[in-house]
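Let me begin by handing over the structure; questions about it come next.
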Amino acid sequence: MTSLISNLTGRKLAAVVGDLLDTLPWWSTRRDAKGGGPVRAADLVRTVEALLSRRGEASGVVLARLVLDGYRACDPEQKTAFLMALAEFFGIDEAALAAAAAAYVEDRSPEAARRLRDASRPRNLEVLRRLNLAPGGARALVRMREDLMDRLRDQPRLAALDDDFARLFSTWFNRGFLTLGHIDWNTPAAILEKIIRYEAVHVIEGWDDLRNRLAPTDRRCFAFFHPSLPDEPLIFVEVALTTAIPDAIAPLLDLTRAPIEPERASVAVFYSISNTQRGLAGVSFGNFLIKQVVEDLRHELPHLSTFVTLSPAPGFAKWLARERADEASRFLSAADRAALTALDAPDWHHDPAKVEAVRGPLIAAAARYFLVARREKGGLVDPVARFHLGNGARLERLNFLGDRSPQGLAQSHGLMVNYLYDLDEIERHHEEFFEHDRVAASSAVAKLAEG
Amino acid sequence: MTSLISNLTGRKLAAVVGDLLDTLPWWSTRRDAKGGGPVRAADLVRTVEALLSRRGEASGVVLARLVLDGYRACDPEQKTAFLMALAEFFGIDEAALAAAAAAYVEDRSPEAARRLRDASRPRNLEVLRRLNLAPGGARALVRMREDLMDRLRDQPRLAALDDDFARLFSTWFNRGFLTLGHIDWNTPAAILEKIIRYEAVHVIEGWDDLRNRLAPTDRRCFAFFHPSLPDEPLIFVEVALTTAIPDAIAPLLDLTRAPIEPERASVAVFYSISNTQRGLAGVSFGNFLIKQVVEDLRHELPHLSTFVTLSPAPGFAKWLARERADEASRFLSAADRAALTALDAPDWHHDPAKVEAVRGPLIAAAARYFLVARREKGGLVDPVARFHLGNGARLERLNFLGDRSPQGLAQSHGLMVNYLYDLDEIERHHEEFFEHDRVAASSAVAKLAEG
Amino acid sequence: MTSLISNLTGRKLAAVVGDLLDTLPWWSTRRDAKGGGPVRAADLVRTVEALLSRRGEASGVVLARLVLDGYRACDPEQKTAFLMALAEFFGIDEAALAAAAAAYVEDRSPEAARRLRDASRPRNLEVLRRLNLAPGGARALVRMREDLMDRLRDQPRLAALDDDFARLFSTWFNRGFLTLGHIDWNTPAAILEKIIRYEAVHVIEGWDDLRNRLAPTDRRCFAFFHPSLPDEPLIFVEVALTTAIPDAIAPLLDLTRAPIEPERASVAVFYSISNTQRGLAGVSFGNFLIKQVVEDLRHELPHLSTFVTLSPAPGFAKWLARERADEASRFLSAADRAALTALDAPDWHHDPAKVEAVRGPLIAAAARYFLVARREKGGLVDPVARFHLGNGARLERLNFLGDRSPQGLAQSHGLMVNYLYDLDEIERHHEEFFEHDRVAASSAVAKLAEG
Amino acid sequence: MTSLISNLTGRKLAAVVGDLLDTLPWWSTRRDAKGGGPVRAADLVRTVEALLSRRGEASGVVLARLVLDGYRACDPEQKTAFLMALAEFFGIDEAALAAAAAAYVEDRSPEAARRLRDASRPRNLEVLRRLNLAPGGARALVRMREDLMDRLRDQPRLAALDDDFARLFSTWFNRGFLTLGHIDWNTPAAILEKIIRYEAVHVIEGWDDLRNRLAPTDRRCFAFFHPSLPDEPLIFVEVALTTAIPDAIAPLLDLTRAPIEPERASVAVFYSISNTQRGLAGVSFGNFLIKQVVEDLRHELPHLSTFVTLSPAPGFAKWLARERADEASRFLSAADRAALTALDAPDWHHDPAKVEAVRGPLIAAAARYFLVARREKGGLVDPVARFHLGNGARLERLNFLGDRSPQGLAQSHGLMVNYLYDLDEIERHHEEFFEHDRVAASSAVAKLAEG
């Protein structure tokens, strides 16, 4: 409660808030007791009710702030209780909905449709909308949903509330409200620190590593921002400008490499893309970000002709292990399986003989992993492939031992992938992918899969 | 279509858009023909369908831009046709809704509720959401709703679509997404020009008049802005800092008056508040704006003790005429009626005898106009009073001949009103107003009404 | 003294200033007396002495503010007295300078040179430097010099002080410290208002006229700013983008004309350039501004191929009158003189016959006015021509009746001139102009002069 | 030459520069040869001559850029040669100066004085002024002076040029042109990185240490910036807000301490102040910075009552060693000397007995070090004391073992000093210090010195 207490103490508080708060004794107590006891969910719920009430309309901003500050001060147990209360007390009124449904079945008038629609909306949508009256409301609600997601497994009854959050957020964080920001070495440290923290693909080892990804003339970083969270990049992509499609990550991140003049580059490599706000799960940004960045880079640097990723294949090693264990695998021949035993040696990638033995079978298996293999419930096995191919990109090249880091070896035996974004083709690829389950691939990769 | 044509011509267009557009021949034709013929609603509708389609997902930003640019280029008739199409083809699916309603009546499962809720949402909500993918989408949609409002009277079937716009806008333009901006003489001319244009209460006569309301040390102007319309003040309020509650508008706007040091002021007068975006009708800003400005001014100038409006009474003259014509009026005695005949003389306000004769009865009638009179369908007669008293303000003082301008004389015989904002009391007033139809008034005004 | 008094009253003042001020009773009196009597130059001079003193070093900022605020509050007479005192009491110490000069003649050591140099610098340079310690000091000193310039004619002893101001300003306002700003319709009104006020060539008739010069897509305006006067454009140039070199001003300023797309323009026309700060006389900005704008426009709009002015010829009519009166004129034949009598008819430019009679002789005379005629003390007669040709531009075309406004007719019988800036040639032209008194001209104009 | 070559290649260069460059073959060669051979001082000197010439006036900006870029590309030897050439070829003309001096001795007219003054100004002042025409000129000249200072010891003939630089810089970097900037965790990383690099008093160990000095609510950092070097803090001061005058540095820098609410602080501690631009040596900023920060903090946090430093005493250990070695020392008694031998034990500060033995004599010696001891050429021994006491601060307290870091122990046996800034007293202290060589000290410290 610090922020509210420190900003609105004593007489000033009374003056701003009016007498409604006198009906919320939990708050008055805390105010007098300098922090008071723990905040209880029941008190917050009462405040939410005040916020929805007639009198609450006149003091919405203050009440919303009170709920959000109070929630922040709750211990985990009370947070759970509050979220459960939101889900249950402020959900839909089933009886009212049933009545409206029955009425519509009788009489399909627009008015009846409107009443049915209103009855089908849970009250907590209105709660969330009013909580956003408070300054910083959207941010606080994103954090609240993170708490909710942590509890989903244990409290399945929270699922509908989570769904309400997700719907509301996809309206609030609509592409039209996002702005593209350039992240570079002149960006405030408070934002850069988050880039370090949120980078999910190739860990940033500290500020020198960060500078090396932002400051050189042949590096770029772009992020989407929302006006309500001006210091939080929602998603960001790191870009390297190069003269050829890269086949390994290490040279790109090398602290000692010499940068090139951007005018000499023909390739833009998206080598890392990271979502940052767990609380915005289900709101998709990546697709828009990549396409916007392609457009902007083409405008800034007309000589760029190729837009490509250098991506991990996080599901590959696990899948391969399964197939190697399955003697009836459709994807591996006995010879392949034999050759791939070299992978079981601890430092196989340092042994040239093992490397050569593994190369062919591994790449061929990878081609089938992407082009042929599917999950039981359908869809590509690899989540990164699902993302880029779903965006309409093409599977361009498979890079053997492109990532020799422990993580890279563990998750994909070092395999890295280039996905190519050709704006002329993305709609077609996108449609073929979703409508016909066909993966767009370069002929080289397609051939490997057939082999 | 200028903006799209000029930005995306020739090869560049093809590169950005992909081949989906080839299926939209209206567009290709226009492109070749340098402007081509008029845009037809049918073409736009097909493009909206593409936008909602699977392939459209991959090119949403471009398709949305195409629809919005195309719409802008339509003639009024085609605009009507397009809006009608939106309302009819992209409304709810009645059969599906009826089925979902029936299913819920059978089985009140959460899943059935969710399906019912989805079925009750018209498809055009998704259309509007996707149109907002385009840069400038929100602004274009606000303009589109203005067109829609112009057609509502003639095309009542548009009402549901208008309702959809209004709901969506109240989510998008939620208080939490607005920022308070200071308008002063350092504000860009492009914004100031809109202040001149949008001022609805006391016409701004030009740039000198404007400067006189913004530049002096004892004047302030505040506006709400939304990040999607950064150069459009959504609502603004003009404030004068004074040493006493003013009883007339002319001295406040006098170009020759001497400003005072703001530190010497004890009263902040809200003498004009104007909404600017007709297309945002139904989204309420005024209440939040006034309260935010009160809070900010109190912080900047702690000596301010009184926050009050100087407001017109736009419905008074009309109401009074009706009552004067009604011999059975509850609000006017025969003596009052006799005295008020002086108002019928053309320049009565220049005749001291007439002025004195009218003063008492007119003010007493005004007190009853606000405190006692109601519309047939209920509610105060005066729209400005409904706004301020609904916000929780108090009717503080009635000012005889406070506005001697032709407009002021015509609409209220010169009457002006001070509404007082006391943050300690607004919740109570607000509740009494809405729950018990009781108007908060100073004892002086209350006494007048009794007389 | 308002600003200081209001910012630093009572105890706060004492706290900030220290006890030095107690030795400056003029100030203490004023402080107590709420404005007190008029400020006297003698008091200011004592404060300047304090500012130069040992103790003054520790409170330089406050003392400087005191002098500048006090000066601003002086009446004109006391201002004169103060400026005279600056010139006389804080000039060079002649005896010391003579001694240092004699010493150097004896012994040309670096140390003696340094002492001589120090002795040759008037103390008021240090005064001005210290006055600039105060916030807003540079601005106040520019205003002070304006006062000084107003008094120069009556007080020739101020000339040396004026020279000191000019030297200091040309260091402070060095090109390297200026920034180029774009003036457009998004510029703050407080700056635009100055553009209206300062426009010296083609009067801006109000805000509509201004918008017409700034907002259309084919108009530009650039200004130099100095960080110390962030809201004062020091010099600005108005630019029109056109498809041909214009021969008249009226079509450029026409409020009803249709703008063109900037990409279609091949010509950038500098049709007005105005210095704004009289107090910065002698510091040259125009040369740098035009060249910078040419460079920037070329970068923004690569299709621009021609950079040209449309300029007045303010000295032409006066010169022509003199030559017409001089029967021995080298520039006019008897036939010319006869033809030019048509100019004496009041509305000759409305009479087609007169217009045709005048056209040839007038243009030929104009060609000689620029190419051949010189002032007695040397140099071109026309000040605008001196500026542009001195910058290295070429005299491109003479436009008969290019400016039919009363001012245009009065000063040049309507003549307007295009000067062409070709960056490839400006050095050569510049050198020829200054070293050999040769004016660069197009062959057409050169031929006219020979005629 | 990278920047010029890359910005102005091929035809574009010719277009911008004109034909003057054809006379500078060094440049043309380099341009063709893609970097060419090393730049030679002789070529630069010729370019400087062009810059001063008549034709050079028309292309000043480009020529200045050429010189500065060329200089940057020089190897150290050629840099020396260029600086020597500047000093010698562009110094004063001794014969002309002697003549002007003689003339003035004859005739003390204002005109003769002006000629003498002009003759006494070396030409390289004009060179430096014109080099500042280039974008980034001021920054490049500051760097050039750093090179010059590196060569001063070996090339005493550069002293006059160094003096010219210093004079020019003290005009350019006049207090009136500086702006105070807040450095915090929202400052761009490119600036923060410089804070880390330039911190001269208590080394910043990395970004965590930096965040700990900037981000907490009770920490502040202020810097002066000049518009010409917008990303270079010229000087900065780190401030801690505390509830008491601190006597040791370690608790202030502790990464684990809990911050306090700034409103609770009564003391502002300036615990580190660092100049950053070696090339601006001789231009004093510190005095102005501290006083400005005091004023600003007092405005932001009216509860602050004490402004004090926590400073090192970098000359103390060396001075004490000398005195201990001098049996006739005026400052140490034999007993003191005996007690202080404990300092010679390597880890004396970990031995409570030694610490207690040393405490009294060391503090007493320190008091005499500040109050009584003087350098042979006069003035306080301690440079930090000279700075703060010269600013008018008071020697408030001596802190035994206030800095237990190796550097602190080495330079001052751990002694730290609080200097107190009382704006009411600084003028008096400043004057007493400079005029009467009297150090302002608290009575406690004064007493110690007498002991």
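Per-chain residue numbering starts at 1, and chain names A, B, C and D are given in the order in which the chains are listed.
The criterion applied here is as follows: a contact is a pair of C-beta atoms (placed from the backbone, for glycine too) under 8 Å apart; a residue touches a chain by one contact, two chains touch by 3 or more.
This one's a predicted model, so the numbers in the text were calculated from it and none came from an experiment.
**Q** Tell me which of A-B, C-D or A-D has the interface of B-C again, with more than half the contact pairs shared?
**A** A-D
**Q** Just grab the chain with the largest centre-to-centre distance to chain D, centres being mean Cα coordinates.
**A** B
**Q** Roughly how many whole angstrom separate the Cα centroids of chain C and chain D?
**A** For chain C versus chain D, the centre distance works out to 37 Å.
**Q** Go ahead and note the Å separation of the Cα centroids belonging to chain A and chain D.
**A** 48
**Q** Could you please state the distance in Å, as a whole number, between where the Cα atoms of chain B are centred and where those of chain D are centred?
**A** 58
**Q** Show the residues in chain D shared as contacts by 2 or more other chains, in ascending order.
**A** none
**Q** Graph shape for the chains shown, where an edge means the two chains touch. Line, ring, star, complete, or other?
**A** Ring.
**Q** Any idea which chain C residues touch chain B in the complex?
**A** Within the complex, chain C touches chain B at residues 6, 185-190, 192-193, 206-207, 211, 215, 231, 261.
**Q** Which residues, counting only chain A, touch chain B once they are in their complex?
**A** These residues of chain A touch chain B: 14-20, 54-61, 92, 94, 97-98, 100-102, 104-105, 108, 110, 113-114, 116-117, 120-121, 129, 132-135, 137-138, 159-160, 163, 168, 171-172, 174-177, 179, 227-228, 287-288, 291-292, 295, 391-392, 423-431, 434-435.
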